[in-house]
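Note that subunit A is present in both complexes that follow, paired respectively with subunit B and with subunit C.
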Partner chain A sequence: MDELFGPGDQVRTSRVDPPHHTRLPRYARGAPGTVIECEGRHPLPDLRARRLRAEPEPVYAVRFAARDLFGEGDHTVTLDLWQSYLQPAAAREPR
Partner chain B sequence: MSGDHDGPAATVAARVRRVEALLEQRGLVDSRELDRALDAFLARASPANGARLTARAWLDEAFRARLLADANAALPELGLSMGGGLQEQRLKVVANTEEEHNVIVCTLCSCYPIALLGPSPTWYKSQAYRSRVVRDPRAVLAEFGFVLDPAIAINVWDASAESRYMVLPRRPAGTGDLDEGALAALVTRDGLIGVAPV
Partner chain C sequence: MGRINDVGGMQGFGRLVREADEPAFHADWEAHVFALNRALIGRGVYNLDEFRDAIERIPPREYLASSYYELWFRAITTLLAEKGVLTEEEMAGG
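Coming up: the complex of A and B.
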């Protein structure tokens, strides 16, 4: 899987509530963030946990404003997120 | 989701012993091999390692730059590595400054840089710390007795994938005449997590 994002890119996390293991924390679903850097490539845990074939894919450090996660707060939270959890921020939110 | 660490420790320990026994019965693991691997890993895992890195970074500006740019490449300079487990883990060192303070957490389970900080404290694995420090870090730090200057911004690092984090604390004032060993002695585990000043 190609690296779709680079430092400074604006992204939005998936809104999907999956019926299986995932490493996208619930509190960071559907939130806008900024890519800090790519941390390497790892297979998607959502697939591995179900013993499905998973090729390594880019994992990024993505920074969120607390306000965008919780509606308040002046701090930031940085998460490590697989590329499959992210889409460009400009994309229309899926319904 | 990964598990809840708040249950009685005895229950968890019993479950681990039972799983280990089953694995041994079925010939999937050798108990002596498991003990050797654990002993070797834990013998080297200590917050003294994180303290040595910190003291060196305080004294050597070039080392500090290398540590922040690529920690895995800088660790061998002090005879350290993140390779004690099954695979080498990526380490990211995040530096506190006059403008920014960093604190680490793993909200999904209890990821922690054991090689550099030793086994994690019980509170680090508690539901309360994991859920609250991302939501209101300033209040959580205050509960640790650490009232951070309101002008300093907080970055929380949630280790949700394959990277591990360590905080590089600020060098305390009035330590200009201390040598590397004496500086390392000032550094605490909680300072390397970001819930205490050094």
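Coming up: the complex of A and C.
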């Protein structure tokens, strides 16, 4: 899977609430963030937890404003997120 | 489907208690559970994501009432039963 994002890119996380294991926490669903860097490639845990075929895909450090996650706070929160969890921020209808 | 493990940002659980000079394990059985999990993943009986999934599938009432390594033990026994490595009867019999 190609790297779709680079440092500084604005992204939005998936809103999907999957019926299985995932590494995108609920508090960070549907949130706008900024890519810090790509941290390598790893198989998607959502697939691996179900023993489904999972090719390594880019994982990014993504920074969020606490205000966008919790409605308040001046700090930032940085999460390691698989590319499958992210869309370009410009996408109008995040899923 | 938000699972009971996914409580990041949720409040009302009370203050975190930090134990001074906290040991890695509070009882021998905890170290055994830790080693057992490493061995089973190392042998390919299940992978780390299946293990995390099994912890997250523990019913909420039991999840919230269990200690860290109690959750591990419950997940390990769930996976061993599901994969046919051990039957519930064999585990109950020690």
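Simple rule for what comes next: the second predicted complex is superposed on the first by the 93 of 95 C-alpha atoms of A that agree within 3 Å, B and C clash if a C-alpha of one lies under 4 Å from a C-alpha of the other, contacts with A are read in each partner's own complex, and residues count from 1 in each chain.
Definition applied: contacts are C-beta pairs under 8 Å (C-beta built on N, C-alpha and C of every residue); 3 or more make two chains touch, one makes a residue touch a chain.
Bear in mind that the values here come from a model prediction, so they are computed numbers and not experimental data.
Engineer: Tell me which partner A:Leu81 touches in the superposition: subunit B (first), subunit C (second), both or neither.
Structural biologist: first
Engineer: Just subunit B (first), just subunit C (second), both, or neither: which does A:Phe70 touch?
Structural biologist: After superposing on A, A:Phe70 lies in contact with both subunit B and subunit C.
Engineer: Given the touch rule stated above, what does A:Asp17 touch, subunit B (first), subunit C (second), both, or neither?
Structural biologist: second
Engineer: Tell me the contact category for A:Tyr27 with respect to subunit B and subunit C: first, second, both or neither.
Structural biologist: both
Engineer: Under the stated touch criterion, which partner chain does A:Ala49 make contact with: subunit B (first), subunit C (second), both, or neither?
Structural biologist: Once the two structures are laid over each other on A, A:Ala49 reaches subunit C alone.
Engineer: Going by the contact rule stated at the top, is it subunit B or subunit C that touches a larger number of residues on subunit A?
Structural biologist: When the residues of subunit A touched by each partner are counted, B comes out ahead.
Engineer: Does any part of subunit A touch subunit B in one structure and subunit C in the other, and if so which residues?
Structural biologist: 21, 25, 27, 69-70
Engineer: How about subunit A: which of its residues touch subunit B in the complex?
Structural biologist: Residue list for subunit A touching subunit B: 21, 23-25, 27, 39-40, 42, 59, 61, 63, 66, 69-70, 73-82.
Engineer: Write out the stretch or stretches of subunit C touching subunit A in their complex.
Structural biologist: Subunit C residues touching subunit A: 1-2, 6, 8-9, 47, 49-50, 52-53, 56.
Engineer: For a test of understanding, state which residues of subunit B touch subunit A in their complex under the given definition.
Structural biologist: 1, 90, 92, 107-108, 134-138, 153-163
Engineer: Which residues, counting only subunit A, touch subunit C once they are in their complex?
Structural biologist: Answer in residue numbers: 17-21, 25-28, 45, 48-51, 69-70.
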